[in-house]
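Got a structure here, written out as C-alpha cells. Questions coming.
All chains are identified by letter, namely A, B and C, in their written order; residue positions are counted from 1 within each chain.
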Amino acid sequence: MAKTNPGRFFEDYKLGDVIDHAVPRTVAEGERALYHALYPARHALYSSDEFAGACGLEGSPIDDLIAFHVVFGKTVPDISLNAVANLGYAEGRWLKPVYPGDTLRSQSEVIGLKQNSNGKSGVVWVRTRGFNQMDEPVMEYVRWVMVRKGDLDAPAPETVIPELKGVLEVGDLSIPEGLSFEEYDFTLAGEPHRWGDYEVGEKIDHVDGVTVEEAEHMLATRLWQNTAKVHFDATFRPDGQRLIYGGHVISMARALSFNGLANAQMIVGLNGGAHANPCFSGDTIRAWSEVLDKADTDAPGVGAVRLRLVAVKHGAPEFALKGEDGKYLPEVMLDLDYWVLMPK
Amino acid sequence: MAKTNPGRFFEDYKLGDVIDHAVPRTVAEGERALYHALYPARHALYSSDEFAGACGLEGSPIDDLIAFHVVFGKTVPDISLNAVANLGYAEGRWLKPVYPGDTLRSQSEVIGLKQNSNGKSGVVWVRTRGFNQMDEPVMEYVRWVMVRKGDLDAPAPETVIPELKGVLEVGDLSIPEGLSFEEYDFTLAGEPHRWGDYEVGEKIDHVDGVTVEEAEHMLATRLWQNTAKVHFDATFRPDGQRLIYGGHVISMARALSFNGLANAQMIVGLNGGAHANPCFSGDTIRAWSEVLDKADTDAPGVGAVRLRLVAVKHGAPEFALKGEDGKYLPEVMLDLDYWVLMPK
Amino acid sequence: MAKTNPGRFFEDYKLGDVIDHAVPRTVAEGERALYHALYPARHALYSSDEFAGACGLEGSPIDDLIAFHVVFGKTVPDISLNAVANLGYAEGRWLKPVYPGDTLRSQSEVIGLKQNSNGKSGVVWVRTRGFNQMDEPVMEYVRWVMVRKGDLDAPAPETVIPELKGVLEVGDLSIPEGLSFEEYDFTLAGEPHRWGDYEVGEKIDHVDGVTVEEAEHMLATRLWQNTAKVHFDATFRPDGQRLIYGGHVISMARALSFNGLANAQMIVGLNGGAHANPCFSGDTIRAWSEVLDKADTDAPGVGAVRLRLVAVKHGAPEFALKGEDGKYLPEVMLDLDYWVLMPK
C-alpha cells in the first residue's frame, strides 16, 4: 500500500536499464533571475541577450550549470535516494544551449555495476542525458554512486566497470552552432585577458568569499527539484546539520571564478569532479583555479581551456589540495575538472 | 491626517458590503520559479508546458496555490489587519487556470456578522473572489475571521451566520475547459498510482520533512503581497518570534504530498481548513494525507479525490490529529480538506 | 600575472575619464518577481500591466529602484572596490522606464577629484549613466566616494569639485512619454490620498517594520551583481558581521512607505542621500517620510512631490533625525531626498 517512493536499492539496478526520470521542467527568465540572486554569477554571455547575440547565439542561454542542476535533480529519486556516496563524474558534455522556454527531461542508462566485497552495498554507474522539448540532447554525463542493498540476500550482479575517458579531448566537445568570439567585447565582459594570456600550470586565486546560509542553499536545491532529505531536514542527521547540495558549491565556486576568469564563458565539458568534503551553513566558500590544458577549436575566435576549479572553506587558499597522505585537505570541498570556451 | 491604513474594525463591516482590494498583480514566470525555489513543488502539470499541453491546457498554469495566495494576500489590509484569529475556510473553488501574464485582483463581500458576547470583537464572514484581466473569476472562497472592535460602544449588528456547505459536491467543482487525462504520462508524472488505486480511508505518510527558515517564509509571504506585521517584524510579538503565514504551511505540505500523491494534479475545491497551531522558524514540517472521498467527473480520464492534508511539526507523523479532549494535538499545524483532479 | 581585479585606487582616476562598466544585464519578469519577494513592494504601477497601461504606459515597468540597483551594481568593481566611504548622491534622474526584456549597461565619467590632506586617500566624483539596448539613457546620477591611494607617492591631482544642484527643479525631471493619471484608479492603488492632500512639512510614519536576515540581503545584492566583499564574506570584517548594502535599505524603506504613500508611484529624481549608519542582519527596519516640496507638471493629472525618506532601526520612529551635535542619530540608517510622481 506504500505509495511513497522508497528509492531503488543496489539489487534493483540491471545493466542496460533505461530509466526515464519524472517531472519535466520548463525553465525561463525566473530561473535565470534566481540564479543571479543565489550566486555571484556575472559571465556576460549568460547575463545579456545582446552580448550573447553578438557571439552568434539567438539570445542569452540559461546558465550551463542550471541545465546541469535541472537534469541532475530529476535523477535523485531514482539514482541517489539510497546512495551512501556520490563517487564521481566523467564524460560530461553540454551539447546544446538551453534557452528560456525550453522544457527539460532526464533519462539514465545503467552502464556499470559492482557489488562491494562487504555484500551490503554496490557501485552503480549511470550515463544521464537531458533532453529538450524537441527531444534533442542538451547535456550528458556519467555519474557513479554507492548504493545500499535493500535485500542483503539478493545475488551480486556480474561486475561490469565501464571504460570512461579520464579527460575529454577537444574533439569530443560540442561547440554551439553559430558561436563566434570574433566580435567579442572584452570591456563589457569585464576582463582583458584572453585565451592566449593563460598558461598551462597557471593558478588563479579568485579572492572573493561568500558565507553561505541555510535559506539560500535550500532555495537553490529545491529550484532544481532535488529532494534529497539530507539537504532540507535538520532532524535527519544526528548532528542536526543540513548537508549542502554539492552542486550548490559547484555553482558558487564557478561564479566566484569570474574574478580572474570572466572570459571563461561557456562550460562544454566535465572531465571529473570530487565533492572532497561536505559544506555546511556558515562556511565561507572561496575558490581557486588551475589551467590544466589549452586547445584550439574550429569556431571563429573560440579557444578551449581545461580548468581545475577548487572550492575551499575559510582562510585564504594557498592552492593546497591534498595532504601527504594523498587525501584531500579538510578545507577542500570541491575539485572539478572541466572545459570552457574562451575568446582568442 | 493619518494617511496610513489602520485596518478595519468589527464595526466597520456591514452586511452586503463589497470591498475592492488594492494592488492588482501580474503573475508570470518569475512567480513560478520562486514557487519552485520556496517549496519542493514537483507536480508535472505545473512544471512543464509540454506536460500541461498533453493534458489539453494551453500551457503550464501558475500553481493553484499561487493563485490562492495572491488573491488572499490582497484581502489582508482590508479583512485581517486587526484580526485576532483566522477561523475557517469554506466553499473554495478554483474556477479557471491562471497563466503567466495574467493580472489578478480581488474582491470580497461581507456575507455574515456576529458580535461576540464579550462585546470586544466579532466574527466577519467574507466571500472573496479573484478575477483575471478579462474580469473572469479565477477562484473564490469564504473565510471567517475574528476582528477586534475599534469603538467598544459601537452597536452590535444583527447576527447573520451564512449557510455554508461543509463539503463541496463534485458537481460544484469547476473542471478546466479542455482538460483530459487520456494521454496522461504516469512515468513523467513520477507516480504509477492512479485514481482507482486510492481507497477512501487510506492514509499516506509523505515521509519527507523541511526545516523552515525566517528568510524563506518572509520571501514567500511578501511575494503574495501579504503585509501582516506579525510575519515580518520580530519586535511585534512579546516572544520575539515571527509567526509564519499559514499559507506557507499549506504550500509546504501540499508540495511534500507529491511523494505519494504525485498524480493529485489540480486543486479544484477547498472544503475547509484549520491552522491548528502556529509554525515558527526552526520547525520541521512533515505531512500526511487521508483519502476522504472519490468521485467521477465528465472530463475524459479525470477523476476527483477529496483529501485531508495534515501538516505536523517534528517527529514522524502517526496520523494522529486530535487528543481525547477533541482539540488538535500541539504538533498539528494544518488540517486542510480539499478536492483534487487525478487521472483515472 | 594577477588576473583578478584589484579595483582602482585614487591615483588611477583622471578627470574626464569615461569608464565603461562590465557585464550588461537583461532584466525581465524574474527580477520583478524577486523584487516582490525581497521587499514589501506594492505600488500598483509596478505590480500590474493593466494598471500601468491605464496610466498610458506600454506595460508595468521594472521598478525604478531595480534600474538604479542594476546600474549602480555594475559600477562597484570600477568605482567603489577600494572605497572607504560612500559620501553622497546628487542629480539623480530616471530618464526612461525600463521594461522586461531590456538590457542595461553602465558608464561613468570622472567629474571631480580632491586628494585628502592626509595624502592617503581622496574623493572621486563620478556621473554614472545607465543605457538600454537602444543606447538610450534610462537613468543617471552623481555619486562621490572616498577612495584609498594605492601608491602614497603618487602626485595629488588638481582639485576639481563639481558644481552640483542641491535639489533638482521640477523642470529637470523627465516624465515618461504618454504618462497620464487622468484615469487613475485610487481604489486599486490602495490609497485615497492624492497630490492635493499632502502638505509641505507633513510627516508620515509608515508603521510597519521588517526584521532583516542575512540570506535576504545577500540574495538582493547579488541580484544586482554588486560584488563588494563586505556584504557577503562574514570573515571580512573583524566583528564577523556582514554589512548590508545601502541600496537594500533604500528599497526596504521605499516599499514600507507604501503605507501612507501608495500613490507616490514613480521615482523620477534623487536629490541626495546619506547612508547615515550601517544596517546589519537582525535589525528591524522602519521608515518615515516628510513632504519637502510639491510641484505641478505638464503631464495630464500628474503632480510631483519631493519627499524625504528616512529608514530607522528599532523602536517607533518619532521623526527624529539628528542629535544636538548635528550628527545623525545612531538609529537612523538612511536619509533620502527624492522626487516622485503622484496623481492629482
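Definition applied: a residue touches a chain if its C-beta (ideal position, glycine included) is under 8 Å from a C-beta of that chain, and two chains touch if they have at least 3 such contacts.
For each chain, UniProt lists the protein as follows: A, B, C = Mesaconyl-CoA hydratase.
None of these values were measured; they are calculated from a predicted model.
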Same-residue or different-residue interface between chain B (Mesaconyl-CoA hydratase) and chain C (Mesaconyl-CoA hydratase), half as cut-off: different
Report, in degrees rounded to the nearest 5, the angle of the rotation taking chain A (Mesaconyl-CoA hydratase) onto chain B (Mesaconyl-CoA hydratase) when the C-alpha atoms are fitted. 120
CA centroid of chain B (Mesaconyl-CoA hydratase) to CA centroid of chain C (Mesaconyl-CoA hydratase), Å: 36
Listed in rising order, chain B (Mesaconyl-CoA hydratase) residues that touch 2 or more other chains are 28-31, 33-34, 213-216, 219
Chain C (Mesaconyl-CoA hydratase)-touching residues of chain B (Mesaconyl-CoA hydratase), taken from the complex the two chains share: 1, 3-5, 20, 22-26, 28-31, 33-34, 77, 100-101, 103, 105, 133, 213-216, 218-220, 222-223, 225, 227, 229, 232-236, 242
So in the complex, which bits of chain B (Mesaconyl-CoA hydratase) are touching chain A (Mesaconyl-CoA hydratase)? 28-34, 36-40, 42, 44, 47-51, 60, 187-191, 193, 197, 202, 204-211, 213-216, 219, 259-262, 282, 284, 314
